[in-house]
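First chain A sits with chain B, and in the next complex the same chain sits with chain C.
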Partner chain A sequence: MNDLSVQFDGVSKRYPHFSLENIHLELPTGSIMGFIGANGAGKSTTIRILMGLVHQDEGSVRVLGHPMPADQAAAKLDIGFVSEDMRLYGAATLAWHMNFMRPIYPRWDQPYADKLAQRFDLKPQQKIKGLSHGQRVKAALLLALARRPRLLVLDEPTTGLDPVARVEVLGELMAALADEERTILFSSHNTLDVEQISDQITFIDRGRIIDSDDKEVFLDRWRRLRLMLPPDVLVPRLPGIVEVGGSGRLPVLTTNRFEPAMVSACNDLGATVQAIDTMTLEEIFVANVHSRRERLTA
Partner chain B sequence: MHSNIIISQSDSRPMYLQIMEQVKQRVAVGEWAPGDEIPSIRQLAMALRVSVITIKRAYLELEREGVIVTQHGKGSIIAPDPELSSRLYDEEFSEHLEKVAKLGELLGLSSEEIARRTKEASNRLNEARLTKEIV
Partner chain C sequence: MNYSMVKSLILKDWYFQRMSILLALAGGVLSLGIVAFGGQPGFTLGLILLVTVMVMLSAMSVMGNTIGERENQTLAFSMSLPISYLEYTTSKILGNLLIFVPFWLAIVAGCLGLIVVAPPIRGLFAFTVIMAVEILISTCLMIAVALVTESKSWTIAAMVTGNLALNVVGYLVAHIPSIRDGMWSKAIQWSPTATILLTAEFALIALLLGGTFFIQSRKKDFI
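This part shows the complex of A and B:
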């Protein structure tokens, strides 16, 4: 059995005003990947290619072992997909939707669906058009989860949810992974959600993947060093510096290849390391995007 | 076993360090005894709504420090070491002492002065306790 649930190899897609270039992506089975990008970075296009909704111009895509888009019908039986532009029938109730899905998906789990309705505080007899935005998102998520899919693909699942609903949704996503066979890919620009529940993190900007790694490695290799320099000493040249800020004698260096040995290296060059700050995923993302965009324009 | 570990969003330290610290505190105060079974990586991940990889990292480091023992396929237990609780307290004490030494050095205090001030602090603590008993 293939232990990668999603595999993109050299995937490109070109539109007149936007192109996705040479995307490589690997998502191991049993893990959660957070897919982070600014608006218009290419998150949704990538997800649509994954789902076979958009066909790539180049490269190969395999999802749960199926080549896409050729084998999409078979793959989709095992993928639960929720996106913002997905519409449920306004005039029908949530219960109607559940009855509609049940015969289509062999693994449909009605007791789990009932439990989710309770946890998400949804009334199955209520018509979809009477639901708030947050309730609609939760209803769509319920319909996807109760199918017990091997792969869940969620485009911005927490956008527009209130804090209580967000915690409920994140909790159910984690619970869905309990048996190690299931995999989740979710896109978000809420870096806090991604930082909390993801095992793997991928940054996308302007149609290219700019960084992708295991979350702990990711957070470990980015640091901000606050230095103090004696007069006439230059800022030390350290590996992986993406940004130099601060003032002349008190520079602040941002590195993406931090190692503890850097501190003694700085001391040897005459600089004092006053502090080593960890960075949040949001800070890392912004620094990453800025440094890459600067390099492109330079 | 219920975990009730709390991850703080406003704590700037990485989540795995917060988890390690709380496990150690639980062992130090004796809430988790040597040999006790602790939640599996996936159970704790779900309970805390934190990624599996973060819990894995915390457990790996705890194992390296000899606080827990992970048996393959069987889950993890608190290391069956009767001295564990006192060792963890002792390590915490050493950490604080090192901070004191460092701050003292920054203030230009000699090691004799640092020792004298430490003794004074401990005297003050005893006096405060005595006055409380009298009142």
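This part shows the complex of A and C:
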């Protein structure tokens, strides 16, 4: 059995003003991947290719063992999809949507759907057009979760939600993670949301995957070293330094390959390490993007 | 082809167009009544109303079910269901036709029934059949353009073109000698020309729908 739920191999897609280039992406079964990128980085295009809604120009995509887009109908039977730009039918009620979907999905779980409706404070007889944005996202999430999908694909689901709704949606997602067989791809530009629920992180920028690893590995290997330099001592040139900030005698080095030996290396080169700061996922993402863009323009 | 999924999508489209269908049915019955009992002025007015009601139903169905899916951003929801492009296209073509054709058949049957029971206008039988199929062509054109372009503007342009074509075709058909000569007869006159025209019309429908499937199957971006 293939233990990868999603596998992109050399995938490219070209538009007149944007291209997705040579995407390699692997999502092991049971993992939760946070897919982070700025607006227009290529997250939604990647996800549309994953869903079979857009055909790749090059490369191969397999989702739950199915080649995409050729076998998309079979793959989508096991996928729950919620996207920021996906709307439910405004003229119909949530109950209508549930009745519509129940016969389509063999694993549809009505008691769970009812429980989610209660937890999300949704009234099944209310028309979708009468719901707030937060309620609509919750309704879409309910419909995605109640089909008991093997793969949950969430494209910016928390965008535009108020803090209370965001916490509720993330809370329900975390509850859904209790099922270890369920794989989740969660795309967002909100790193805080991604950090809460993901165990793997992939960064995408300008159509290229720029880094992908376990979340803990990311958090472990990225550090900021605050140095103090005596006069006439230059900023130490160390491997793995991606960004140099700060000012003259008080430089701040950002590294993506931190190890304790770096401190002694700095000392050997005449610098004093004043502090070693851990970085948030947002700081790591921004530093990653900046360093890549600088490399490209250099 | 997953027929049960196609059926679910067609039933969904029927559900969302139920008010349009009911309105068209009421308008159709009213128009037929005017044709039957309105005398000479009612006959002309009723026919105009019938054509208007048919155009209205096809426009509401195509705009609501096909263009509306994109405009209201429900296309992503539909396409997230376990369907392929081909099944989606099939459901949209069949869905729109199954909304329009039963109504169209009922109206055409009503019109032809009135013609058959009224000897002074029996000669209009062939002309009416040809023009009725022309209305079906306009609907198929609108469905094809809506699916292929996914554009409201192009679909409106297709609707306008269909309506203009209806007038042009009506004028041309009424001036074909073998059709024209039979129009004022008190008996039904069916000529080989009528058969040729009808065959050409159905061939055009097949071309429009087949072309739509062909173009849709080559599309690379569905959203």
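The definition used in the following text is that the second predicted complex is superposed on the first by the 298 of 298 C-alpha atoms of A that agree within 3 Å, B and C clash if a C-alpha of one lies under 4 Å from a C-alpha of the other, contacts with A are read in each partner's own complex, and residues count from 1 in each chain.
We take it that contacts are C-beta pairs under 8 Å (C-beta built on N, C-alpha and C of every residue); 3 or more make two chains touch, one makes a residue touch a chain.
All of these numbers come straight from a predicted model, not from anything done at the bench.
Superposition of the two structures on chain A leaves chain B and chain C fitting side by side, clash-free. When the shared chain is aligned, chain B comes close enough to touch A:Glu216, but chain C does not.
By the touch criterion defined above, A:Ser31 reaches chain B but does not reach chain C.
Contacts of A:Val233 after superposition on the shared chain: neither chain B nor chain C is touched. Comparing chain C and chain B on the residues of chain A they touch gives the larger count to C.
Contacts of A:Leu192 after superposition on the shared chain: chain B is touched, whereas chain C is not.
By the touch criterion defined above, A:Arg87 lies against chain C but remains apart from chain B after alignment on the C-alpha atoms of chain A.
After superposition on chain A, the vertex angle at the CA centre of chain A, spanning the CA centres of chain B and chain C, is 150 degrees to the nearest 10.
In the superposition on chain A, A:Val54 contacts chain C only, with no contact to chain B. For the pair chain B and chain C, the minimum alpha-carbon spacing after aligning on chain A is 27 Å. Across the two superposed structures, the residue set of chain A contacted by chain B and also by chain C is empty. Those residues of chain A that touch chain B in the complex are listed here as 30-32, 167, 170-171, 174-175, 177-178, 180, 192, 196-200, 214-216, 219, 277-278. Chain C contributes residues 2, 4-5, 8, 12, 15-16, 72-74, 76-77, 79-84, 87, 220-223 to its touches with chain A in the complex.
Those residues of chain A that touch chain C in the complex are listed here as 48, 51, 53-55, 57, 72-77, 79, 81, 83, 85-92, 96, 100-101, 103-105, 140. Those residues of chain B whose C-beta lies close enough to touch chain A in the complex are 9, 12-16, 42, 45-46, 49-54, 57.
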